[in-house]
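Each of the two complexes below includes chain A, the first together with chain B, the second together with chain C.
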Partner chain A sequence: MAEEEFTDINGNSISLDCQTHSAFCREFTVTSPKLSLRKVMVYTCFIWLFAYAVFFFTENTAVLSSAIILTLVGMMIHIHFVKVDHETLLIIGSLGVQLSSSYASGRESTIFIEMSKLKDIVINEAVYMHSIIYYLCILIKDPTDPETVASVVPLFQSSKPRLNCLVQVYRSCQEILAQTR
Partner chain B sequence: MMVENSPSPLPERAIYGFVLFLGSQLGFFLYVVWAVVPDAWLHSTGLTYWPQKYWALAAPIHLLVTLSTCVVLLFGVNLMNTAPLASVHNITDHYAKSQRAGEDQEGVIPRLRDVPISEINRVFYLDAGAQ
Partner chain C sequence: MVLKIFFPQCCNTADSGLLVGHWIPGHNSAVVLAVIHYPFIPGQVKKYLSELQSQTQVDLTVLGSWSMPKEGKEGMDSFLKDLSTIFPQKCWLQLSREIGKRGFICQVVQNNGKLLQDREQKNGDEGSEGDKIILIHYDQRKVMLSQLHPVQDVGQKSDIEHSELRLVFQTVAHSQPLFFLDKYDDGPLKLTHWQSEGREASIIAELLKQASVPVCIFLTWLLSLWHWFCSFRILHLYPVLFISSKLSTCVQSGYRAVHFKTVFSPKKAATHMEFMRKANIFVSFLLDIALGLLLISWLYRENRISKLADTLVPVADRVAKEFFLYHIHLWSSYIHLMSPFIERILWYVGLSACLGLTFALSVLSDIVALLTFHIYCFYVYGARLYCLKIYGLSSLWRLFRGKKWNVLRQRVDSCSYDLDQNTADTTLFPLQLFIGTLLFTILLFLLPTTALYYLVFTLLRLVVVLFQGVIHLSVDFINSFPLFAIGLRICRPYRLAEGVKFKVLCQEPGTPLHLMMEINPLKCSSVLQCYRTPTYSCYPKDSWAALCKKLFVGELIYPWKQKTDKTD
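On to the complex of A and B.
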């Protein structure tokens, strides 16, 4: 239930919610900031002013209606496919890990990883665009060789939290994983 | 010894450099002469097969635009070659996988090797940070 001031890598504030359901089951929810009304208004105004300017020079009304349709469709696609409301990591010792992303339109996408496939949950640093960020990731075992890492599943991809948030989640997860091993 | 591969100044390198310097200055002077002198005077020397004067401006502009495009493309190629966050290359590579697990003898400096990321995480975030 701990809630401190966490931010993501760009400085926007996010919130972390840890729930301990039982001795071997914990759930972490990282909530991104909601879609800001000011940004929506600014984008809409710009697109519509630009469309009106084009209409002013071309005298073609199809520009205006297409701008309206474009704005609406763009907003729908954004809140359904792009804007993530919160991401959840549910870890159940000896059973597995469930990752779930919930989008602003209510859509939820979930992935489950069995404990037998999971090698470890670690904080790794990698180059991302122009900077180096910390990110939490799940190492998946290679079925043929248990010591090698076959693949990596990064967690909390949309709301990239900073190190203080990641360390809390990491310590909590390691407590559960230590019991399981 | 590695005398042939050292970057220190040598007489031959000085001569090469000076020859290149003189050659480039001469080349620039000839280019400016050809670009400025009118066609009639150039033809009167007996040489008639000169490139079009259009290229006196076009070639340097082509070169500058190519240079700036290459700078942008270099950033793009670097971004494309960066491994994504989900790539296993951020964790390990085939050199680290095939390294031998050496036994640490007493009082001896341990062998240099790649430490697995789980161990590093424990040292950074579990043991020391718990205080």
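On to the complex of A and C.
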């Protein structure tokens, strides 16, 4: 429904999409920038030129074929396990929260956290190297002591949106949590 | 509060009737398990439900009514409303579908007659005080067969309240007797549930199940014979016990006997973990036998055994002739004595692979240990000599520096060279110093020779230890790998569930929120961690630094100690 210009903490532009399915069910999708063709071509050319230089000195064709295989396998591993296409947060009042990451190859990995385990959704600060970043996270209750926080699940870890995007998501989530607690 | 209704997908197109299910205590939700069709007699319905309740310990009740309109059948609505008086409930659900619409319409009638329904709210209304409804569709067969992880034992009395999803899964799993009667049976009641989509059964699976009980009883009897044989007094004498604890073949066969006891017990597995353990051990054992037979077929094909025997005799001979003469003489005469029999022995020993690849590997490890026993002896001699020399050298070195090892305090103290008797420190006379110097010089010049012998024997011993270690690791791997669990994860991923996934189905105005609940299978790494069969062997306790220090000083190393207790 609403799409504005957001950036992540490194300056790349991302997009946020909010869908309201019902009064107590909302879905937020943060889309990362896609795999850049230029970068892929630069890497491939670099590796293949290097392999050709080695072949020029050693006269061994195994170097060339291993470079090709390495590039292909590396690319497959990257798009299947590393490159995240979009991350989704689906919040269903009084049922729970579902986090899902969808990778560039189409693979989806999903976690569902029930409402009874969820203490709160908050924005935390973290000191990361030389900068301070904000991240949205879910606080999980300790099963034996409902007042203490057992663990923290950070959201949107791959896309890392900035504070303006996080605040929008935070406000919507808090509305639903307040309604249906 | 939001009302959640878990609705099975198989009942989406069922004919009109009554909804039968269970209200989840503590959470505002209901699980629909089946639909009873018209015509029915209310008294029979109540009797059937109370029978099932005593069988399954699940509180089954009539939740409401289900109306599926068909052309020509009108006027069901008023009939449906009257039913709520026959089956008194605190909450009566009325689910219905309309022709042409995909969503369900849901009305909830509370006990005091107040009608609540899910209608689209106009903008500007403050949030309604009434309940909202979520309809969650689930695949009944998959949820029934699935096991939610982390597995919690039934007998465990936990203070922790069970989560809603766990209760839903438990309810569906425990209501199996409800799914025996179907709408195609000639009974008084016609039900629709997952079995109505078509029964799944296989003649072979049923026959195997029937045949397995007498087979298990027979095998248990055989096992008891084996245990009786093993409990002979003669086998418990100290030398036999010591040797059998060192030979990995005996350890592996004892281990297998314990496994068989678990697998072949005629009692059905009570909990999920017991069932998975039995299945894992059984499948591992089958794989073991298959690999062993494969090894036999490869080994015996081109007369390899005789070739092996022909190469082994001169190699053993040559290896023996490179070391200390007295031991070698004994060893080589033993080999010459045995050489006509080696081929026969190898042939029969190779056949032991039909008991499993792990057995063959254990036998190989034991043969290597026996053949290289002289290397072990030489290593011990060299290590002891070297250790003594290093100890002597360090002690004499301390003497020159004026320090002494304090045994009481386990530390190095200083001692002076004063001849004054009144001081508390110990004194050293020049004569002692002179003898100390002599000894030190002798030991120092003998050091390179001893060190070299020690180095050679230690390297050889390490090579043998490495080889045995690799064999033990692979035996351990075959023993502990949960093949059945991994196979289940790949072929039937819904059986092992880490959690659930929800998908929002398309929205139509006027209908409540529809969600599709799917099972999120367990990750492969969690499967391995959760279902690994516990093994006996343990990994080396020393870190690399400690190992290097021991080698330098000359202490004997035993990296692969077998533990007697089970470790996970």
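By definition in this document, the second predicted complex is superposed on the first by the 179 of 181 C-alpha atoms of A that agree within 3 Å, B and C clash if a C-alpha of one lies under 4 Å from a C-alpha of the other, contacts with A are read in each partner's own complex, and residues count from 1 in each chain.
By definition in this document, a residue touches a chain if its C-beta (ideal position, glycine included) is under 8 Å from a C-beta of that chain, and two chains touch if they have at least 3 such contacts.
Everything quoted here is computed from the prediction, not taken from an experiment.
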> With both structures lined up on chain A, is it a clash or a fit for chain B and chain C?
Replying inline: fit
>> Under the stated touch criterion, which partner chain does A:Ala53 make contact with: chain B (first), chain C (second), both, or neither?
In response: neither
> Touching A:Cys25 in the superposition: chain B (first), chain C (second), both, neither?
Replying inline: second
> Where does A:Ala150 make contact in the superposed view: on chain B (first), on chain C (second), on both, or on neither?
Replying inline: first
>> Quick check for you: in the superposed arrangement, does A:Tyr128 touch first (chain B), second (chain C), both or neither?
In response: first
> Just chain B (first), just chain C (second), both, or neither: which does A:Ile111 touch?
Replying inline: second
> Angle at chain A, chain B to chain C, CA centres, as a multiple of 10°?
Replying inline: 90
> Thinking of the overlay built on chain A, is A:Met41 touched by chain B (first), by chain C (second), by both, or by neither?
Replying inline: neither
> After the superposition, what is the least C-alpha distance between chain B and chain C in whole angstrom?
Replying inline: 17
> What residues on chain C touch chain A, complex-wise?
Replying inline: 1-2, 4, 28, 121, 127, 132, 134, 136, 159-161, 163-165, 499-502, 504, 507, 512-513, 515, 520
> Can you list the chain A residues touching chain C in their complex?
Replying inline: 21-25, 27, 90, 92-95, 98, 100, 110-112, 114, 116-117, 143-144, 179-180
> chain B touches which residues of chain A in the complex?
Replying inline: 119-120, 122-124, 126-129, 135, 137, 139, 148-154, 157, 167, 170-171, 174
>> Per the contact definition, I'd like the list of chain B residues that touch chain A in the complex.
In response: 79, 82-83, 85-88, 90-92, 97, 117-118, 121-122, 124-126, 129-130
